[in-house]
Structure formats: structure tokens, C-alpha cells
Amino acid sequence: MNKLVEGHDGKPVIDNHARLARALPSFPHYLLRNAEQFRHQVAMRHKDLGIWREWTWANLLVEIRRFSLGLAQLGLQPGDKVAIIGNNRPRLYWTFAAVQALGGVPVPVYADSVAEEMNYVLDHAGIRFAVCQDQEQIDKLLSLKDSLETLEYLIYDEPRGMRSYDTNSVLAFDFVQRLGEQAVERDAGLIASWSGDIDNIQTDSLCVMLYTSGTTGRPKGVMLSYRNLIVTCLNANRFDHLSQREQTIAYLPLAWVGDHVFSYGQSYVAGYCVCCPESPDTVTSDRREIAPSYFFAPPRVFENLLTSITVNMEDASKVKRGMFNYFLKVANKHGEKILNRDSVNPAAAFMYGLGKLFVYGPLKNRLGMSKVRVAYTAGEAIGPDIFRFYRSLGINLKQLYGQTEASVYITAQPDGEIDANTVGTPSIDVEIDIADNGEVLYRSPGVFLGYYKNEQATNSTKTPEGWVHTGDAGFIDDAGHLRIIDRSKDVGKLNNGSLFPPKYIENKLKFFADIKEVVAFGDGRDYVAVFVNMDLTAVANWAERNNIVYGSYQELAAHPRVYEMVHDHIQKVNEDLASESRVAGAQIKRFLVLHKELDADDGELTRTQKVRRSFIVERYGDLIEALYSDKTEQFVSTDVTFEDGRTGSIEANVILATVDGYRTPQMQEAV
Amino acid sequence: MEALMPALDAVFLAPFRDMVSLPDFLIQVIWEGFVSGILYALIALGFVLIYKASAVFNFAQGIMVVFAALVLVSLFDMGVPAWIALILTIGVMGILALTIERVVLRKLVNQHEAILLMATIGLTLVLKGAGQLVFGGEPKTMITEELGFSTGSSDWEVFDGIVIFQHIDIAAAVIAIVMVAALGVFFSKTRIGRALRAVADDHQAALSVGISLNQIWAIVWFASGIVALVTGIMWGARSDVSFALEIIALKALAVLILGGFTSIPGAIVGGLIVGIGEKLFEVYWGPLFGGGVEAWFAYVLALIFLLFRPQGMFGERHIERV
Amino acid sequence: MFYREAGQFKTTYADDQALLPIAQDRVGLIIVLAIAFLVLPIVASDFFLSSIMIPFLVFALAAIGLNILMGYAGQLSLGTGAFMGVGAYSCYKLTTIFPDLNILIVLLLSGFFSAGVGVVFGLPSLRIKGLYLAITTLAAQFFLEWCFIRVGWLYNYNDSGAIEVPQRELFGLAVTGPHATPETRYLIILTIVAVMTLVAANVLRGRIGRSWMMIRDMDIAAELMGVRPLYAKLSAFAFSSYYCGVAGALMVFMWLGSAEVEAFDINHSFLVLFMVIIGGMGSLTGCFMGAAFIWVLPVILRAIPPAFELDILAATMEHISSIIIGALIIFFLIVEPHGLARLWRVGKEKLRTWPFPYAT
Amino acid sequence: MSTALDEVQTPLNDNTAVASEAAPVLLSVDNVSLSFGGVKAISDISFNILKGEVRAIIGPNGAGKTSMLNVINGFYHPQEGRISYKGKTRKRMKPHQAAASGIARTFQNVALFSGMSTLDNIMSGRSLKMHRGLIWQMLHVGPARNEEIAHRQFVEGIIDFLEIAHIRKQPVGKLPYGLQKRVELGRAMAMQPELLLLDEPMAGMNLEEKEDMSRFILDLNSEFGTTIALIEHDMGVVMDLADRVVVLDYGQKIADGTPSEVQANQNVIDAYLGVAS
């Protein structure tokens, strides 16, 4: 039995027990309940052929049942694995419940994964049926069919271009539904027995398998039970007071646990409506039309939105831009307080009200966020400025920390306790522990059953007591909020013994728009030093505004004013670090601005634009050593590949700088 | 049938009997028609000049006639000697042409011709309002004698009757002929004239030989301003200088339909057909309809003509391409 | 800015194709209609109703008529005044011949006569285009004017040559003639204009309206898509002339009370033309804006000298307003050939995308 | 029930006939000559188009290709020769009659209705299929609205097929050229033609746009069995798309056959080299 920590709002835990006891065993159960209880309420919308088609929960049940019975006609057996591949389309979502009702296991697969990767997943999971969006996916699977022995039926949603395919194994979704219907025509009792079979679903049985893309090695199939998901969803809904009245837009990959929980799990449990966009290209306008009340997006979505806001406003008239900027300042000052229901002085409240009329309201309207009650971001760290920007507009954006293995929720920020640097307090029913090496461990009802056909990985991740290793390093701050600092395997130690989380430091610096990449050093060293790679577009703009003349990237990078600017940024980061006792020792002492852009062509970045640290250590060894010496300048010659494929070398004297006011805790104590 | 015969007779035979029975009157009617035809032709000429060079259908040509005449008369009324007033008026028309080119045409280059037409309708309103504001709305008398025209008339005894020729009418005819001849020479012999023709044929080509489109536009508007002034003097000598002329000037549109938008000979021939035709029709057929048919004869003639030959008398049929 | 459309989504094609798909527009229209129907009759003075609102509505209707022909079907016409005249004279004759016929029916019937005349004068449009067509409409204008003078039957051989509006009642209330109150006349004309505007909007968004626009935009392509130019053009002439005819009938019966041929002369054709240009070709809203602008501007200008106790003749102000309107036409053609309606649409678009300068 | 609605419910032509020797002749051009004021644009040309095939008409500039299309859909009337379509021979046919008998086309220079949106442009292709009269249109209720909606539904299918949902409500005048061409194809598709004439459907497009367009044309041909006659300059495209090719030069037919036959034909090589030199 789990040791339950106190509920987030301080209510007695007993309540929760009682509520959880009323939980239904499976999602098909919830489907039946919703079709009864929320019969006339819209369960799903899909923008198709120009308008939003709607299905009430009652319609949904009928559609799903027809498909499910059709699958049964095709011979789907309990335990069979069914791949679901494609964009966020209603029929693919229906497949989950349709398969689960028969005791099968849906396995959503990333639609954009390359054939080889898809082959591995489908083969590993032992897929018998695949439900695909369109011809593209079907073609991909047909090319793999020879190596996939278990794969029998391919079912497609969109019929375009599917005329000339083998109709014995490649079937239309409609066709399968018709099979189901015909079966019912022959035997009307099927409907009742279908519902009866649902009653036999065990709550601890396998509900869904989600393959984690995994940065290293093969994808792993995370097995989640009905209990895992349903309890987590119930708790999450309770935490944010989500009811059947919410609307959300489904646009993130189906195979991602977040989408599965937000657009399927929580929706079924609460009974709220999920809207599918017309196409991935139209998400922005579709979101505006729907105006979701519950919204999730990874940080990059918020970043891109903010960039497009800024770019758009560049073209606005001067007066309007001035007004916009003025009110954003007002929001920046008072918005958070107002959102957190803290008291502000009447003048500020009035100005904020004006801003709401002229800027925030219309802006939220354009973003399609005017009705957002709760918005979450997770997955990576979000820039504090970006985070605050949305909150200051009055959007209740919060952070959460989660994992596929936890059925998402590990921690989340309760309303009114928001800090850009934390990921919140433990979610309901979740226990958190921090290991000695800083690694975060958790235990919750959402903890997965295990990795499919991978006992070894399961055992190394999950302890017999049910604790799960997150692989992330972090700490609980004074307010009881979890802060994630880095991947735990990357966290090092300085010679003075203090923690060195490179990613954490790098991210803090990268949040400044002028800085594109940062590489931090310090493991086994006396202090932290960083390479800074400036963002040419941002810095060039800044240079133009400040009348700084330069001839080349190299020249600009070495410009004293650029160094000054970077220096200021580092000082701010140091202040920030100093305020957090666990990482105060990891303040930056020395830095340099790299004379060239880090480039994938030169092997410095991966093709996905991530820094290849080991390569950099090797390539720029001289520079690193110089950072840990007293030198103020270091000559360096680098081989580079030009855009046209020629190779050559760049030579430069890189300036090394020391940060003013650098103080480690020890030094402070000494003073 | 019995009822029909007199009607057919009235329409198809009686008018011709009347013509033959009083040939001197017929000649008088034709002469009157000829003279007003000349005036229509002159207005149409102003249109053609501008349309040829800039594809602008200048609705304001009529009001320009009134405007020019009013300037002339008003200057004289203010005590300026007639000939100096005439020269000053030419100057005013020059300034007007430049202004129109600068303020209106230059901004509307490459617009659809309907848009350009409407712009000139707007121009009409401005000129009309300005004219009335400055010169007042009352009709004025043209300073015919002061400009050296004879106001007398000569009689021609023929077919046992008398045909009266007003000297001013003769002058009008002569001046019109001189002007057409001068324009002909201008277009074929002078550099600017040839440039104008080049513009009419192909804007790009004109630009490539180093002629500024803007200059050309200013020149043609000035030229048609002078034509307007001459028209105004002639017309004013026959009746009054008043804004009513503006409506009559619209008949030049019918003339253009007959003669084509780009043909100077067409404008002359069309003007004469309309002028003579409407006089004959008014005198010999008008009574059948209760009179006043002059008001619409020209347009209906143009309309009927259009149905049979949409491209005008001198235009070519063009093939539509897809 | 005030157009906050987030959350407005369409679940049926009927909603998506509604005349006013945006909720705020619907609310705006309801407010305008409420003011027009409920507030104005109560608060407005007789002068305001009979000298501003009634003529404004008459001209708006005529402008819709001309705009259908010019803005939607692309056929230039300079004969609007005469087509209005046909409506007015028809209405007059109908009231004489059928004295007991309901006046509303008479008003609406009279439009059919001008529609018929419109078709006759539209026939040349099958062979000729653009400016040439404008000339044929001038022919219509002058020929019809002549008819109004010479055909005595049209005005019952009055000595004055004018048509005098007889008194007619509706539900016991005088709606035409000297005893009809401005309020009654205003409300009747408002209702007719509102309904006819709705009808025009409906026709314009359907098959027939689309065939007009096809002919306007690319007549050759339209024909190759199966649109028969004969039907498309003549139906545009008929529909347009019907509107002008009803506007003409309303002008005499609801506003002027009596009229001579001058009421339908070429200057009136131009007046309506200006309304369409300044209001905006191809926009029904523009017709109302253009009518308001062209009609109200001179009224305001006339009111200026007395307000400042200046001793300027009314005629002088008339000339000034002529200059201003002429200059505005040129200005609009240069700066915004689609007139006030486009400015309104651009403004609305700005409000919709606010605070962004354009939609993304 | 209204016939319009019934028609709408049958998606395009439910006809999967693919060109083969056995396929019936849909259109046959026999000894057609056309001249403008003495200048011969087409002289004595004969060829046919089989039901369900993709037929290409190629040739150097001024070879009379567009004139040929104009003759086929009744825009020009040939002085000599005859054209049989669906077994019926005709002397003169007006363009709108051609449209009514199932011939649609696109134009060399996009001829969209620039004042209308994408949606309205494609809707305009339904003109012939809509029948509700003026009175219903005025009220825009009941049958008129249902008809409009039924056709909207059909048109949405085309919008989806051509992947232009994102520009549905935008005025076409401001769209990039490639998209305009796509909208124009959509407009022609909306007519549910039996014979679709495409005049340089890929002119002025970049490679990606050409690939998209080729895909649409092939899908259109294979999914709905629409017979297609196209003029194209890009020989690569023609070779990929066409079942049979007819080559014109100076208004005369110089070759007719499969793409490979035509490519090997000495006359064709000369004509193209002649242009190149």
C-alpha cells in the first residue's frame, strides 16, 4: 500500500480514497458511463472539410462499438496489440477504446518515425492490426510487411489513393465499421455481449503500451495499466478542477504519453470535449476557433508563439507598438500578482484593466487562449521570461514534471504557487525522494507495470518497493517545490565539493536571446567556466541599434561591447545561482565568446542541433585549458567546412574574461 | 391595313416629299446640322487626342469647353483686352493640363479604363464646382466681335429661296478644318507628334526612345484644352456660354462610337453624321414623335450602330485570345 | 480589438456561409436596426427624417441597384436616373389605373417595369463592353427622359407635366400624399430597404450572384464554365433596374411627393454613380456608406455658414460641396478604388487582428 | 427529392476505366483547319482521345496547341473538318454548351475570378449543376440553401483532395502562382468533367509544385477516371504523365503515339532542335 502524502490542498486524504474507490475499472467503462451520463454532450470535434463535425458521447459509443465489433469480426483476440499511426484524428482516438473493449492493447506509434524505427517497435510489440491515417502510413507498413510476421490487417482512415490496394489485408475504417454493423444485424445480442465483455476487463491489466523514443538505445515499451492511468487522470482532474465542461485541442503526437493522458485519459474520466484540428498546418487558426479551456504545449510552442508575436509587432505602427510595449511592461509588473489574486494598488489594477482591454484580451484572443483556465508546459525547461510573459497576460500557465513511466504526473504547480524555476509540488498520491547523487525518485499509483519484454531495464529503473528512478537530478526547495537541474548522469562535482549541473547553467544563459549555445565546464575543476556562442541574428540587430560596426562574425564575437553584454548576462545568472543553496557553488567565474558558430557540418552539433560536448572538449582543448589559467587571450586555429563543402581553417585570438563579483559560498563565508 | 398606310407614309415617304418640295430649306437644315456637327466633332476631337495618347476616356472634355470659354469671357469682363485674354486663357488651360497630369493621371497609371473614366467624372465635378464658384452660374455672352469675328450673315439665293449663312458658322467651319489640318501636320511631322503616336501604339516603345510619358500626357491635355477653348468660342458665339453645354457635350460620346475612340477623321465624320442626322431627324421626323428628338437621336443612332459594328467605323475587329 | 472571435466555430455549412458569420457583426447589425426602427422614429425631428433619412434610404436602394450592375456584374451604367424614373412613372400610372391596389404592392410592382426597360437597354451588353456600353446606357437615359416629357399619358396629361402623388392608406394610416407623416413614410421605406437589402445579399451569395461575378472577373472563363452570358448579363440588368425602379418610385411617393423629369436626369444618374464609387463597388455596406456620405455631406456643408454666422450663399456651398465630392472621387480612385467599404473592411480586419497589424 | 442532391452524392465520375486499346474514343478530331484572317493556325489535323487516358499535346511555341484546345471546347470554330465528342459530330458549339456536355479546362495564364475567394472560385465550377431559381435564391432558405450546402460539401472534397484547406477563404488574387494553378484545377474538377483540358498546368512552377501537380493529375485520372488532354512544355512531365502524345508544329501534326515512340520520332527531334537553334 502506498504511503500517501498529504493532498496538495491540505484536504484529508480520506476523501481521495473514497473518491478513488468509486473509480471505474477501465476506459471502455468510462465510455459507457459517459454515453449514459453525458449523452447529449459533445465528446469530440474534428474540423473536416471546412466545418467542425461533432460527436456526442452517445454518438461516440456507437461509432466505437461498430469499429470494435468489426475488429472482433476480423478476429481480434484479447491481448492482441494494435498499432495506431497518424495525426490527431477522431477515428484513431476511437481505436483506443475499440481495442480496449475487446481486451486488446493499443500501441500508438510516432507517425513520423523512420521505417526502420517503426519496424523495430511494431516487431517488438508483436502488432497484429495497424490502424493508420492514410496512404503514406499504409505504404510505409507495406514496405515492412515482409519482416513483420505478426502483422495481419492494415486499416486506414482516409481512403484517398487507396483504390488499388489488396483488399484482403488493407481495409477501410468504414469497411471495418460496416463489418461490425452487419454482425449486429445478424445477431442483435452482440451489443449486449460487447458491453458484457467490457465488464470483465481487469483494472490492473495492460491498458496501453507507449514507446519512449529514448535518446539512447532502442525505444522501450512502457506498459501502463488501467489503474495507472485512471487514478492519475482522476487525481489530475481533481487537482485542476477539470470537469466535463472543458474543451481541449489535440495536436501533439498520439504516441506521446502527454497526449494520451490529456486527450484520451482525462477526457474519458472527466467527460470533456477533445477537438482535432483540420491539419497540422492549421492548428493555430483551429485553436483560435475552438478557444480551449485546458491546454498543453511544450516550451518550444510557447517560444515560437512569442517569437511570432514579436515579429508581428515589429510591423505594427509606431503608436500601436508603443502602446503594446507599455502595457506589456504594466503586465510584467502586476500581471502575475493579479493572476495569483494578490492585492495590487488600485492605480496598477486600473492600468492592468486598460491593458486587458487593449492588449492582453485581444492578444489572448488571437492566440486562441482567451478561455484557457489551465495551461501546462513540460518536457523541458521553459525560459522564465517566456513563462512570465504568458502568465502576466492572465493565462494560467503552469509547469509540471512528468514521465511516461509515471503516467505523466510527478509534480505540478498548484494555482497561486507559481515560480518559473520550479516544477511544482508532488501531484496527488505521489511521493518524492531525492537520492544522494541528487537523482529524483518517485512512487505513485501511476507507476508503470514495466517495460515490455525488457525485464532488465524494468529492474534497473523500478525498485522492488516501487520507487522509480527518473534519471533527473533535482532538489526540493524551501517552499516544498521540486527543482530539476539536469540529467543526473551529467551532474558533476567541483573540486570544492559543490554540485555542478552543466545543463542547468547552460539553460539559464541560453534564455537570453543574444546567446545561442553555451557549453559549461567544471566537473573535477576548481570553478565553472563557459563557452558562449552568440546568436548572430539577435546580436546583429543589437549591434545595428547601437551603431556597432563589424566586418565578420569573428570580429563581432570579439567586440568588447559583446563581451560586456555577455558579462552582464553571466552576472545575472550568478546572482540566480547564488540564491539556490544547492547550486550556489556552481557560479561562473571565467568565460569566452566563441569566434565561430557551432555547426553540425563541423561535427560540433548533432543534426538535431544539440551540442556534442565530448567533441568540443577535444577540439577546443586549448581554449578550455586557457580558461583555467590566467591567460586573457588564446590563439586558436580550427578546421571548418564551408557551406559549399570546401574545407579550410579559421584562426583567431579568443579573448578570455573573468566575471566580476564572482563569489562562491565559501568565499562569502570567508568574508 | 388602312390605318397602317398613313403611318407608313408619314414615316417613310412624307419627310422625303417635304425635303424635295422645299430644297432651300433642306439646304439650310443641312447647313445647321453641319455646323453643330463641326462642334460635336471638335469636342470629340478633344476626347480622341487624350484617348489616343493615354487611354483615358476624358469625360471632362465638355466641362473643359465651358471652363475655357468662361475664363476667356470673365477675363475680358475684368477689363483685359480680348486678345490678351485669349492668350491668358491658353495659359490657364496649360496650367490646368499640368495640374491634371500631376494630381490625377500620374497616380492612376495602369489602372483599368473604367477607373480612369470615373476619375474624369470626378474631375468634371471639381471643374464644374470651381467654375460656378468663380464665375457664377449665369449664362454669359461670348466676346465674338472683340475677337474679330463677324457676327453678320450672308444670304444665298437658291431654288427660289434663301439660305442664310452666319459668318461665325463659316468661321467655325474654317477654323475646324484648319485645326484638323494642323493636328494632322503636328502628328505626322513634329517630333512630339510622332512620339504621341508611338505612345498610342506602345507605351514601352515610347519609353525606350526616351520620351517621358508624363510630358506627353501634359501635352495632349494641353492640346485638348486648346481644342476645348476653340470649341468654347465657337459654341459661345452661337448661343451662350453656360453650363448647359456640358450635357450637350455628352453627345460627343455618341460621335466617338460612330467614329471610333482613336480616329481623328472618325471624329470629324462622326460629328458631321450626328450633327446633320439629328437636325434632319428633328425637322422632318421630329413632329411625328412630338418633337425634341434631338436630345436622344445621337445616342440611339450610336446604339443601333454599335449593335451592328461594335468596333466603330474605322476600328478593326480583334480576335479574343484565351 | 473588439472582435474577439476565439471560441466562435462553425459546425454546419449553413452557419459557415451565413451572411454575418462573426457574432460581433450580428450584434452590431441588431443594434443598428434597433436604432433605425425604434429609436430614430421617436427621437428624430421631422426634418431629420424627411430630409436626411428618407432620401438617404432611397439613394442607398438605388445605389444597391447600380452596384449590382456595376460592382458585381461589371457592367457600367450611366442611366440609373432614367431607370428610377421608369419606376416612378410606372408607380404613378399603376395608382391611377388601379386606385384600390395596396400601395406597397404598387411600389414593388413598379420595379418590374424598370426591370423590363433595363433588359431592353441591357441587350447591347451582349455584344459590347466597357465604355461602349456606358454610351448605350446614356442613350437609355436621354431617350427615357424624352419620353417622360413627350409621352403625356405617363403623367396623365397634366398641365404641369409633373406626377403628383395621390394619398394612399395602409391600415388606415396615410402613407403617401401630403398627409403622410414623416415617421410613417420613414418606417415603410426603412422596412422595404431592409428587406430588399437582405434579398440582394442572398442573391449575391448564391448561384446567380456568383454567375454575375464570374462574368465580371473573367467573362471568357465564365462562359467556359457553362455560364450563359445572355442570362447572366440580362438578369443583372433586370435585377439592378428593378432595384433602381423601386428606389425611383419610393423617391417620388415617399419623399418628394411630386416630381418632374428633372428628378430623373443625368445628374441623378451621376449622383448614384458617385455613391457607388465612394461607397465601394462590390459591397452592399458600401452602398449605404456612399449614400450617406454623398447625401449628408452637402447637408452638413449647407449647415456650416449659418452655424458660424457667415454670410455665404447656399449656392456657394453647393459649389463647394461639388468640388469636394469631385475631389474625393479622385482621391478614392487613387488611394482606395474600393471606396469606403474597403476602408471599413480594412478597419475591421485591423480590429480582428489587433494588436497584430495583419492576420497570421 | 432534388436531382441536384442526387448528383452531388455521386463523387465525381465513378469510372475507373484506364486507357487501353479497347477503350472507346471519347473525342475525335478529323481534318480540322483553323485560320485567322488568312493565317493558318491549324491545318488539317486529326487525332483522337480515348476514354480514360491522359493525352498530351506538345510542340514548340506557336505550334497551335492552345488553338487546338480552343477549338475543342468551342471557343474557336474551325473552318474545315469536324469534331466528334461522345460519338456526336458537331459543327458549331458554344463554349457553355461544351461545358454542359462535360468538357472543362484550365488556362495557360491563370484565368481565375480574381475578386472571389478560393471557395467561391471552386463553387463557380458547380454553376451548371445548380438549378434553383431566382425566387429561392432571394430567400436563401429551404431548397436553395440545401442546394448550396450540398455543393459546398462537394467542393470541400475537392479542397481536401488538392490540399488547399488553408486558403479556403482567401481571395485568389493574392495567392502565389502555384496555388492559383491548383485552385484553377479545382474549379475545373468541380465541373465533374468527362474530358478535362489542361493548358500548361505546370508553367512557371518550381519542382516541388510540379511534383504536386503531377500527383493531382494522376490521382484525378486514376481515382475518378477523368480523361485528360494536356499541353505541356516540360518533356519530363509529359513522358511521366501521358499515355499518348500528339506533336504539333506550325499547325501541323508531325507525330502521334506513346511517349517513347514520339521521343524517337525524327520529325519531333528536328522540330525541337529547330526551336533550340
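All chains are identified by letter, namely A, B, C and D, in their written order; residue positions are counted from 1 within each chain.
Just so it is clear, contacts are C-beta pairs under 8 Å (C-beta built on N, C-alpha and C of every residue); 3 or more make two chains touch, one makes a residue touch a chain.
Predicted model only: the values in this text are computed from it and were never measured.
Hopping across touching chains, the smallest step count from subunit B to subunit C is 1.
Between A-C and C-D, more C-beta contact pairs are found at C-D. Centres computed as Cα averages put subunit A at a distance of 58 Å from subunit C. One finds 41 Å separating the Cα centroids of subunit C and subunit D.
Taking each chain's centre as the mean of its C-alpha atoms, subunit A lies 79 Å from subunit B. Averaged C-alpha coordinates give centres for subunit A and subunit D that are 48 Å from one another. Residue positions 75, 107, 111, 152-153 of subunit D are each in touch with at least two other chains. Residue positions 50 of subunit A are each in touch with at least two other chains. Residue numbers of subunit C whose C-beta contacts span two or more other chains: 12-13, 220, 224. Across the interface of their complex, subunit A is touched by residues 1, 3-13, 15-16, 353-358, 360 of subunit C. Of all residues in subunit A, those touching subunit C in their complex are 45, 47, 50-54, 284, 288-291, 308-309, 312-313, 315-317, 320, 323-324, 358-359, 361-366, 368-371.
By the touch criterion stated above, subunit C contacts subunit B in their complex at residues 76, 124, 127-128, 130-132, 134-136, 138-139, 141-143, 145-146, 149-151, 220, 224, 266, 270, 273-274, 277, 315-316, 319-330, 333-334, 337. Of all residues in subunit D, those touching subunit A in their complex are 16, 119, 152-153, 156-157, 159-161, 165-166, 168, 219, 222-223. If you check the complex, the residues on subunit C that touch subunit D are 12-14, 17, 199, 202-203, 205-211, 213-214, 216-218, 220-228, 235, 282.
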